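One chain, chain A, appears in both complexes that follow, with chain B as partner in the first and chain C in the second.
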Partner chain A sequence: MNIIITNNNLSTGTETSARANNRAFDELRNLKIEAGVLERADGSAYLEMGGNKVLAAVYGPRELFVRRLMQPNKAVLRCKYNMAPFSVDDRKRPGPDRRSVEISKLTSEALTPAVFLEKFPRSTIDVYIEVLEAEGGTRCAGITAASVALADAGIPMKDMVVACAAGKSDGNVVLDLSEIEDKEGEADLPIALMPRTGEITLIQMDGHLTEDEFKKAMDLAIDGRMKINEQQKTAIKNRYGD
Partner chain B sequence: MIFVEDKEIVIPGDILADEEYHSGRGTFKENNKICSSLVGLVAIRDKKISVIPLQSKYIPKRGDVVIGEITDIRFSMWNLDINSPYSGFLPASDVFGKEKKELNRTFDVGDVLFLRVVDVDEVKKVKLGLKGRELGKFRGGILINITPTKVPRLIGKKGSMINMIKDETRCEVIVGQNGVVWVKGEPSMERVAEKVINIIEEQAHTSGLTDRVRDMLAKFLGHEPEDTEPEENEAEEFEIIPIEIEGSDEIEESEETVEIEISEELGEVEESEKPDEIKEFKEE
Partner chain C sequence: MVIKMVHIVPEIIKESVTNHIKNGERTDGRAFDEYRDIIVEPGVVGKAEGSARVKIGNTQIMIGAKPQLGTPFNDTPTLGVLMTNTELLPMAAPNFEAGPPDENSVELSRVTDRCIREGQVVDLEKLCVVQGEKVWMVFLDLHVLDYDGNLIDAAVLGSVAALMNTKIPTTKLEGDEIVLDYDNMIPLPINEKALMCTFAKIGGELLIDPSLEEEEIMGARLSIGMAEDGSICAMQIGGAESMTKEEILKAISIAKIKTAELRTYLP
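Let's turn to the complex of A and B:
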């Protein structure tokens, strides 16, 4: 995180594509995923992406006790996204807030199209995402980790879900915005998609992009998916010593 | 065209083969391609391609034998946790017939029972029964949870694995198809059996497991492994696949073994003593 702060003053005035850590415009931050890290969860994953550290845990399919939520023909996928109080520089007040409620909802919606929920009627699959350290793009990190945790739990899925943000910072369209790029940049465009089919399950935009820039950002995020998906694959395969 | 090898580990969304193959369990068809829906091992039989899951939850099926713990007593039935997304119930009439008796005198909350799934209805209510010669309440012993898909692996071909554990540790071992294993014997032997069962679960996807388990048992029990029957070992590699692949086979295999091995003393249903040791290990 420190490196990014020091490098930030590089981008004053000049129209170079200099990014923190000498990243290229289409380069992802360092990514590390590990599957099966929690003993008591049915499936779990730990993900590090740049300065982000995210844990995802999946429980279920299990019995759903809230009768009114029960679906007679399929399972419900419940997500909870939570940021630890120590995950950001200024202590975050613990508990759900407007932002984390929103992210919980959209995570669930981003994952639902990939899961064969109809195989477990009248039950629930619970996904918990815990952000231990945040440095921009935690919702994407959370979705990517949750997808690995779902696979680890043995839940049948159409495909993995990969999430990745693109955006505009210092006048350039770039992939995988860091915290500084997100806060001081012009636009942020998180996208979640299924890598095999290319189906988009989540797209949000914050800020302003022209039509061309939007298309470019989309292409960047879609091209970046394969690298993340590769990491997801190795994470799961490593778990079984392969 | 086929894109994977037999026994390869695949993840959801991996493309396995073109449409000239048939899509088996753990796979689905999309755009004329067969894809995996699970994390598991590929199993190719003739033209049928399936994926054997490495992790799963137990889905109750009529006729299965399961181990369940009583969670609640209602007016005319017991509710049981059967390690599944769907909880089961045992009607009082199944135990008492037409007689009226107090339910908690027979089975109390926390008791562990060996039951048969009598019926699963369309709202996923799981009706359990105790009709069967070895079904009933467990007294003492410990419970171990494993992934239900690995039950055939724990039992082994014709019970080879489970019988080895029983013989070596001199414990009674009963495996429910819901992945709950009950072990009773000397406390130190129970620990050995627990350790071995957990290792089998961890390494269920590897080959030559029976041999390693034999060595492990010998090591834990402090005697030299007997070098017998080397020819039998080769055949045992990957027995998980032949047993797992057809649903009906799977039941027959495991049920058979379970039934043969169960001791008679479990038949007493009316016993109302509390098992004091049973919960000890479950809490860990």
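Let's turn to the complex of A and C:
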């Protein structure tokens, strides 16, 4: 038995080259961050970026029960990235898959350089990221939210970590790809960095870019960082005052 | 190797909370039959065909419903399928661990499922597309974000809210083909709003909507699922201690009033 789906809202792939909502090539989607949204977690943050809804929570520094992971001179920063089954169009099977395991690893590595882990030997800082709704760029949204949650938990850091994707869609190098731009575009380049020093802590790429396009994309992401960082700071200020 | 972290409640806290309750008081000042503040917010996830966020006190659950076409079970070829799954996320409490569902998570899924199924919240007969071949399967996923006691009542309340919010595409049979029209979505057929009310037994007293502190010291827990007409559709006792017949009957009469009160929070 065949199933035919009729849906006029589905993308045909032949739309005009302009970005949705007349977004400029270097313009971020609507961004909203709120700190301290959960009761039990030591620190938490909720982030909306375009159609993404992401929740990050931090527990720690706390005792590490898995002794083989313990570091005698510093804390370990562990991260779990997870997508809710209802966060995507076709229900995602619950539990970790290869993609979320990889993103978890990269997220913890993206956040680690910013945290003064040496202050908490033999302990752990656990970061949990839950994607409640996904619309392109969830790993970046997760990292941006997680660093607000770390700050909310009062964990000493030398800087926030900001993440944003740049890429190429419809032949143009653009900032902050949406889901359609990511799927139909030519390249996706998520970057995480510390805004104060510009140190890059995560970079991934798929697709195809020339060296010039890559430079342009990277500059877009680096230039876009301050706007996101302002929102991060505002979230913390709204929670704790100036 | 999974290392379980057990939360230990100091005896002195247990004693003082119990003494308060024996004096007719709860530590948060509520009456024995009083719920904490309740918020039900339907339609919070755009990508889910149905969703709701529910808060009871600081307990917070996000629920998403996703319908898919699938094959019915052999013994019920004309009925749609409802599947409930819970994730007690490690972000919800310091002693929750990531990994496959543990017994608490499975119990919560099954109790929620039972109340919704036996309370006939969804008209499963209307979810049949082609008898014996294709029916709608509704996946109900409960994402527990913050755990501050009484997950069961929150889970059922949120699930009913999410199901009431769910839309499915209209289906048409054209010869051997099923045409799904996503431009014309219809609400999921709902014919009942069965809800649950949970009691904790502490110091010989019954209190509804136990907070985390109360859950940690309670001897027994009783959850009662009730349909709109006051009939009982599901029940579950939990905890290490026992309950008497009188206590259970008393709880049923309170649950009748309280589930009606909970129902006013539904959209």
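We adopt the following convention: the second predicted complex is superposed on the first by the 223 of 242 C-alpha atoms of A that agree within 3 Å, B and C clash if a C-alpha of one lies under 4 Å from a C-alpha of the other, contacts with A are read in each partner's own complex, and residues count from 1 in each chain.
One rule holds for everything that comes next: contacts are C-beta pairs under 8 Å (C-beta built on N, C-alpha and C of every residue); 3 or more make two chains touch, one makes a residue touch a chain.
Computed from a prediction, not measured in an experiment: that's the story for all the values here.
Looking at the shared chain after the overlay, A:R122 reaches chain B, while chain C stays out of its contact range. By the document's definition of touching, both partners, chain B and chain C, reach A:R62. Once chain A of one complex is fitted onto chain A of the other, the partner contacts of A:P195 are limited to chain B, with no touch recorded for chain C. By the touch criterion defined above, A:G43 reaches chain B but does not reach chain C.
Once chain A of one complex is fitted onto chain A of the other, the partner contacts of A:K158 are limited to chain B, with no touch recorded for chain C. When the two complexes are laid over each other on chain A, chain A has residues 62 in contact with both chain B and chain C.
Of all the residues in chain A, the ones that touch chain B in their complex are 42-43, 60-63, 72, 75, 114, 116, 120-123, 151-154, 156-160, 194-197, 232-233, 236-237, 240-242. By the touch rule above, chain A contacts chain C in their complex via residues 1-9, 38-41, 44, 51, 53, 55, 57, 59, 62, 65-66, 80, 82, 84-91, 94-96, 126, 128, 130, 132-135. Chain B makes touch with chain A in their complex at residues 9, 11-13, 15, 26, 28, 30, 35, 37-40, 53-57, 59, 85-87, 123-124, 147, 149, 205-206. Those residues of chain C whose C-beta lies close enough to touch chain A in the complex are 3, 5, 44-48, 51, 58, 60, 62, 64-66, 68-69, 85, 87, 89-94, 98, 100, 130, 133-134, 139, 141, 143, 145-148, 169, 174, 176-183.
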